[in-house]
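What follows is a single structure, written as structure tokens, with notes after it.
The letters A, B, C, D, E and F name the chains in turn, as written, and every chain counts its residues from 1.
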């Protein structure tokens, strides 16, 4: 049994508040255990310079932690004057993952910007940000759809969620909290679609290389956990998610 | 009557969640109408270089808005690589205001850093940040006090709260929301103590200079509003606030 | 009596050199006691992006201190790579104050940039910058007027000057020098128009909150001092100031 | 057959120049096809602040591309004033990968800094940087060892190499060049040790999610390619590599 | 005859105000025609890290132009967030030139910082800064000497001045103003000592390469002009310059 | 005799690799003794804003050293976030020198960017960069010419090379290596054309002023060394250099 009483295959309790922000076109406050991330989706009727005039849209993401989201206060990146490598790595990951299930032609010449702000961090902030920002994105796309902004194709080709897995004391564990994460010998983040395909697989054995069998065990756990998260996403979105996956991206 | 049904002397509905953050030594989520600010107090057992070895503590503050706290998304200052003038002005104000009621000798050689992060903005974010960060500060100081960290003097010499006032259509109004604020010809932020003394008075008539009588009317409104806020702070803090003001700062 | 022999209601000796700079459209070297500020006004036939095509002009200001303007040398902000909070706060104040007496429609689609460079600082650099940059602005506007650039309305609706006041040893003092400023328990900067209306009132009691009666005493002193400064400005500008205030801004 | 005549399981021709730099403690110029990276290892007898006094060493890495390493010239990051997200991501990966096979206690309180400068880029610059910087690291560690700087344990616990794999037209391909990389639907970078364990597995299906069978096919190819690279590394290092892997990291 | 009525060998009218700044240890306002530079010397009782504990001092220089020192306003480098190449080049030149006549051992473990701020620019700002900052340096050194801070050796080994020369319409001209400078085909800055030795010779023929005979003609003119400037410096410094050059640097 | 066995008038052994980079329009790897610089010329079919629509081209240059080009590793300027003064000074020099022999009208509305990256430094990196980047520029211009991009005038009016000279132990020396450079009392960089005209003369006597006779001796040595380098450049370029100097720039 794990420190917080979970079995290896258990996710932490998760919850979501829909539309907590009165201005954003889509927003959720997502919680995975004590990790809390506010995700907002902003629709901008323009695209980056490299896409102008091509009739395609774009999805972008930014990620940040409030200074006291963590046990020890972290200096603000705005005060240090630049983004750290970890932040850049994470926000590149979030944007890439979301784009994998978006049909950019169907979206039309507009950008949806996802902002993931971590209010409290207890492990898995990047995977929780992906799972939450998919919801915010779905709400914003639904709003555009309700306003008749799209043609025959719905821009979201599938659901998307993410979870972390790791090896600790020879055991594969699902959805690590901070304490587990800091002791794990392997740390892996997996992003998958509603159809069960992989979008990102990132495994790191900085403290200790890992064997193929361990990789397989972790992938299997991730697959199972993401399946449960996507089932929950369907429930949460309800009618706002009905058109998702109706066609290929 | 005002756009949201209030009388000129009315504050917006206000509320607070105590200790929403599991790591910070003091934290509150304060709401004034639709303005929501997360304030955390972090205790650091060190002081800035210019205070080293003097047996005195320090209070610092940082202020930031989430990108989609506003109707139109604001680019992150971390991405732009520097703090804007408005941010600097506000966080200097918050720090200065809080220090006015802290006895730095009694605090001892430590720093309390107040982080004010605006989750949603609807006017009055700087005044709400001051009122909220006073509460977070009081919770952190109470925690230190409970741990026996202080001598005879309690470091908080008084309560502190802040409110905005303005002139709109020839009428002095208390606690402006964003819509009122953007139309007001004069905008004024006032910070006062529990004893009714002024800590900051900042009135600006960029669009239109104002007369002495208008200044007096606004000050009177501010005094009344701050009195109500401080009464509420006393209630909210309860036992954690009992030692405040027991001696001069 | 004060350290430099003045009575509480006395301004320091003040003087101005008109057009010390051979390139600027308007320039003055203003002195208040040992505080010396070079103010230049530059006319640029363009406006910031947010004003384009609206037929309105803009007034902007920048403020800086030479490194050895002060007793101890200050590192240059260009070397540190960013503007400090104090600089930003001051230049925002100068721009805002000047705009309050300018009719931006009457100015037409052009920007006047005021540069305030402090050659020597002995207290009151921000208030002296405002008083001096009003003169530089008036000279530049007069030059445009002489060249027939305006219609029926003159863009300057009023005179403008500023002074500092403070409480020291229980006494309200006008126009603090550096030594007084560093000991004052309250520090206040006031900007007023030739009609006697307030444009900015900024009072700070960081070291000690202040009472309403003290605020009133300081405001009265400021009003008196600014009146004398504006009378002097009228004299200094002479013919170049005759059209000011001929209509509402 | 592939555009350059290779079979899917073929690596590009690879070559190395040992010690091309007369100052660095270890250096190699590595070539994988037309990708050329200069890797230097610098020994510094100090450690980062967070490791001081712990008797442990550190391995760090920096990565950069010369402006004309690519078909279209890239602006220098030194001119833009900040590192891009891609650079940060890559240099974090290189450092993490190398640390996985280093026994930091055995290294002693010193830092080895690996600089990977891409002189010409034709796909696989990050994996080639890892394979090459392992060689530069091994040369530097051998030099320290020859000078009697270590105790019983040799700081390098294993060999390390990296290669890219991808899915193109339904086929898994090893060691993609730039043309293949830009058309691949999945792109994956794998880092492995001489013992055949995984250190990093990073697979991305931005343009199209991928199935478990595809993941397996790519991993198998990577395993095979890395095996060949490590065999070559053993040959290249010769005597300088004999002590590697003699004990656990 | 030249545009301003001078002969080719004529300097522009020059003048100096001694000690215009009440705080600096040495200061001058120097004018060469319409070029006006405020030079201040600040004594700091510390040296840069690379000189600590060696019993030697250091001379440093910074150079800046006020935004409206020129016909067209230049954006501030503090606002742009970095120093431009021209500024860096000039301040490196000023520091290097001054150090050539300073005996750093005799100066003792202290730094003298020269700040050259151009109030108005009409050609020759870098050479005027050198000539002026030598005077400010001499005043500061004299002050230290009067306070008995030095041993047997006086830290200033010689006088130092600088002037520009150029080729225009086939004619070598001394001390170019802005109009001449912008049309000259060769531009040269020369720094020399009171003994007539060269400290810096920087000639540039960007628009047109130049012959050896032209170089010789320009050097001869520079030598003559600098001789006159150093004679004037001796007069200006009077007693404060008597000890200069009494020994070798 | 010198430390490396050379006579005072000897250049170090020099060599060049033509077109080492497969993407750049022109590229060379030039070696002067142990100094190795990779120079690439990139043609961009656009000009800087200040030249738009004038039918003229531009030549620009950037210079950088790899971190371990030197005995002690230098931090990257991209990591420090800004270019140092030395880098700016050198790249301004390279660009200026190259422009002196280019007919910008004949080049047409395009920019050629020269990148000089020092792989290994042993004195004379700026002069070697000029000599090498002239070759890269000539190759790129020849390529444009072969493609029929020019009219009657060839854009290169002459050859160009550069060398350093210095005074050491009372002796003028040609082409200083790092050891000599660090001990020399005078250091001078000279750039000349194939016609024997001067483009840049930069002599610095920071440690000790120098006499006119020393200046003359150094200039004579530089003239002789540059003559040899330009003869070699003619040989190296062969046919690619035949059109150079066929007309005035």
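Everything below uses one rule, namely that a residue touches a chain if its C-beta (ideal position, glycine included) is under 8 Å from a C-beta of that chain, and two chains touch if they have at least 3 such contacts.
Given the structure is predicted, the values throughout are model-derived calculations rather than measurements.
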{"item": "Neighbouring chains shared between chain C and chain D, ordered by label", "value": "none"}
{"item": "Longest centre-to-centre distance from chain A, chain (CA-based)", "value": "E"}
{"item": "Distance between the centres, which are taken as Cα means, of chain F and chain B, whole angstrom", "value": "60"}
{"item": "Rounded Å distance between chain E and chain F, as computed from the means of their C-alpha atoms", "value": "29"}
{"item": "Centroid spacing, where centroids are CA-atom means, of chain C and chain E in whole angstrom", "value": "34"}
{"item": "Chain B-chain D separation of Cα centroids, rounded to whole Å", "value": "51"}
{"item": "Sequence positions of chain C contacting 2 or more other chains", "value": "81-83"}
{"item": "Traversal of the chain ring from chain C via chain E", "value": "C, E, F, D, A, B"}
{"item": "Interfacial residue positions of chain E with respect to chain F in the complex", "value": "82-86, 88-89, 91-92, 96, 99-101, 158, 188, 192-193, 195, 197-212, 215, 219, 249"}
{"item": "Contact footprint of chain D on chain F as seen in their complex", "value": "21-24, 27, 34, 38, 40, 42, 44, 62, 64, 66-71, 73, 76-79, 81-83, 87, 113, 115, 117, 119-120"}
